[in-house]
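Chains: A, B, C, D, E and F, in written order; residue numbering restarts at 1 for each.
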């Protein structure tokens, strides 16, 4: 059970149900993930987080699949087990194949490696990459 | 100056020059970034890292632009200044527009936020996302 | 079982028992958390860590509740499951309400988000914030 | 210069100015930090981030000073130079004394240490701390 | 089960078996860890990662035990449960005693603490440590 | 200048000078690093941190050079510029050669890579590595 427990739809008040309804309608599903049920104890955070996610993750200059893969990349770098599991599922639903997942992971691994080689070797930024 | 200094092409031995040549040929440029010049003091790491990067970052199931954006996402999450600067430049060169960069950053920011809401609220993984 | 196992009070030698006794007396409890039992295999680290925690976490310019909430904020940012669980419990014991926890998490989430927007957009520090 | 440059008030369009005006009014200042000027290239992110920060950082169950100190704690854990500088300034403005800052840092340091002792020793969560 | 499942030796094709055989021969064991079985779905990553690990972890200027302890130090800092478990086992196999493990953890904990004191106090690098 | 500024020996009170004297005597140097001067505004933290560092970093089951290299490994993983610079200098003083540094970095890079492959692929811990 999460810190404050999970709020199921049946036990939710009108304010929370309104967000749950929008999540299900937007995602074309009849399930609410534990993440939302866990933060629903704070309706302001539930609404703000959902509105932000909805705005950010909808297709724009980047398509939804690319966005979900970026979410997985960040979550794997941060070792967030919940987010890796849920966003890998979301990325697959958005069309990520096994081959795409494998390449995603290869890039994530390499970036994490060279991030530390760059810092450890104390490499100064090249003149042409400087934005300041 | 980086920890061990930078090895310029003119001062490099044959082994290092061979890697430098391949970097310039592959990337169609006549410049070697400081990153490579800094790790060139260890030719084994220079070669291994370059061969890995070349293999991983070439277009496959994911295109090069998507891969560079994932690299930026990881680097921003890890606060690696050098890598953010160099891979943002590489992503732009690969076609990332300002609008794509802005959406990339929005996803990176949101993922970093919800990664901590998920861990902080101690949310258990939903049954259907479990792979174990 | 932890890497080196847990040392229960009954099996502890005098040096370890002395620290355990002080932990229980200071915290007004008759339980020793697994954390202490796990590091008790290294009595020097057990004593040093406990003495440091006791000194740092006692009320001073900041009260104990604020300190426990800061501990949770750091632990959630670092994805340390053990520390999130134990310090959330400690913060509640010190008076953290559900509403305070929810606001704590909202700040932690937002800080983690803007930390990456600031690094990703390569924002230079404003002149008036510079301390150097 | 930040990745996309900074948008000054004089050069901002109506949408961005509206957010800038609200920031200055809310914070009772006539300055806009570089952070906002840097992300203003993406008005949607500018507005969403500001609205979220305004909602989250206003006094509620936790006072503004406590919230700013939590922001500093997260930023120091994440090594975000910009955020450490700007939120340390904000915390001071909200009333943080040198003594409070020193205790804040002591807690942040200790939490980061024990987070790794707990993970490194592979300590299992105590039965009574489990929420699942 | 890992995201893509685990590929057992009996079910592996010739390309994967060749890597598995080299892992077992190099490590003088008849077991393949789950890590390799999980990434074997991407034979290119399996081979590249194994070849890199084999090259990097073999004794050179640093002995194998020291290298395994560094691996544990990084993994504990990153909160990677799998890597802490597997590399602690590998370090023990390479000769790490309980006393060495305890000192390793003490250094890892302290480094994580002072890393944040240094960033939080915004300490500038001493002139004599500068390499730039 | 650090957040609270640096306290030079000439301006330090007796309590701080006592710690400074012990640092210089222990390290056989006549310099105090900025790190200590920055945290000296909080004499309790100055003393506690120094006493801990002195205890932890002195040769024991692990020699001083190994300990300094572990410090660098953690600092590079955490992207702490100050700590990378100062502990790389300390490791060199303790005998780290260029070849040892290069191997150290290679291990740090690889560990950071495989930490994310393990988490991203959601690899479960092998039965024989489990300590719980």
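Here is the rule we use: contacts are C-beta pairs under 8 Å (C-beta built on N, C-alpha and C of every residue); 3 or more make two chains touch, one makes a residue touch a chain.
Keep in mind the model is a prediction, meaning the values are calculated, not measured.
Residues touching across the chain B and chain C pair largely coincide in numbering: over half of the numbers involved belong to both copies.
Same interface as A-B, judged by over half of the contact pairs sharing residue numbers, among the pairs D-E, C-D or A-C: C-D. Centroids of chain B and chain E (each the mean of its C-alpha atoms) stand 20 Å apart. Centres computed as Cα averages put chain B at a distance of 27 Å from chain F. Centroid to centroid, with C-alpha atoms defining each point, chain A and chain F lie 33 Å apart. Residue positions 1-4, 39, 44-45, 49, 52, 56, 77-81, 85, 88, 99, 102-106, 108-110, 112-117, 119-122, 124, 131-132 of chain D each touch two or more of the other chains.
With chains as nodes and touching pairs as edges, the resulting graph is complete, every pair of chains being joined. Partner chain C is touched in their complex by these residues of chain D: 1-4, 31, 33-35, 38-39, 45, 49, 52-53, 56-57, 60-62, 66-67, 69-71, 73-75, 77-78, 80-83, 85-89, 97, 99-100, 102-104, 106-108, 110-126, 128-131. On chain D, the positions that touch chain A within their shared complex are 1-3, 44, 48, 52, 55-56, 131-132. Every residue of chain B that touches chain D in the complex is listed here, in rising order: 79, 88, 98-99, 101-103, 105-106, 109, 122, 124.
In the complex of the two chains, the chain B residues touching chain F come out as 3-4, 39, 41-42, 44-45, 49, 78-80, 131-132. Those residues of chain A whose C-beta lies close enough to touch chain F in the complex are 72, 76-77, 79, 81, 84-85, 88, 104-105, 108-110, 112-117, 119-122.
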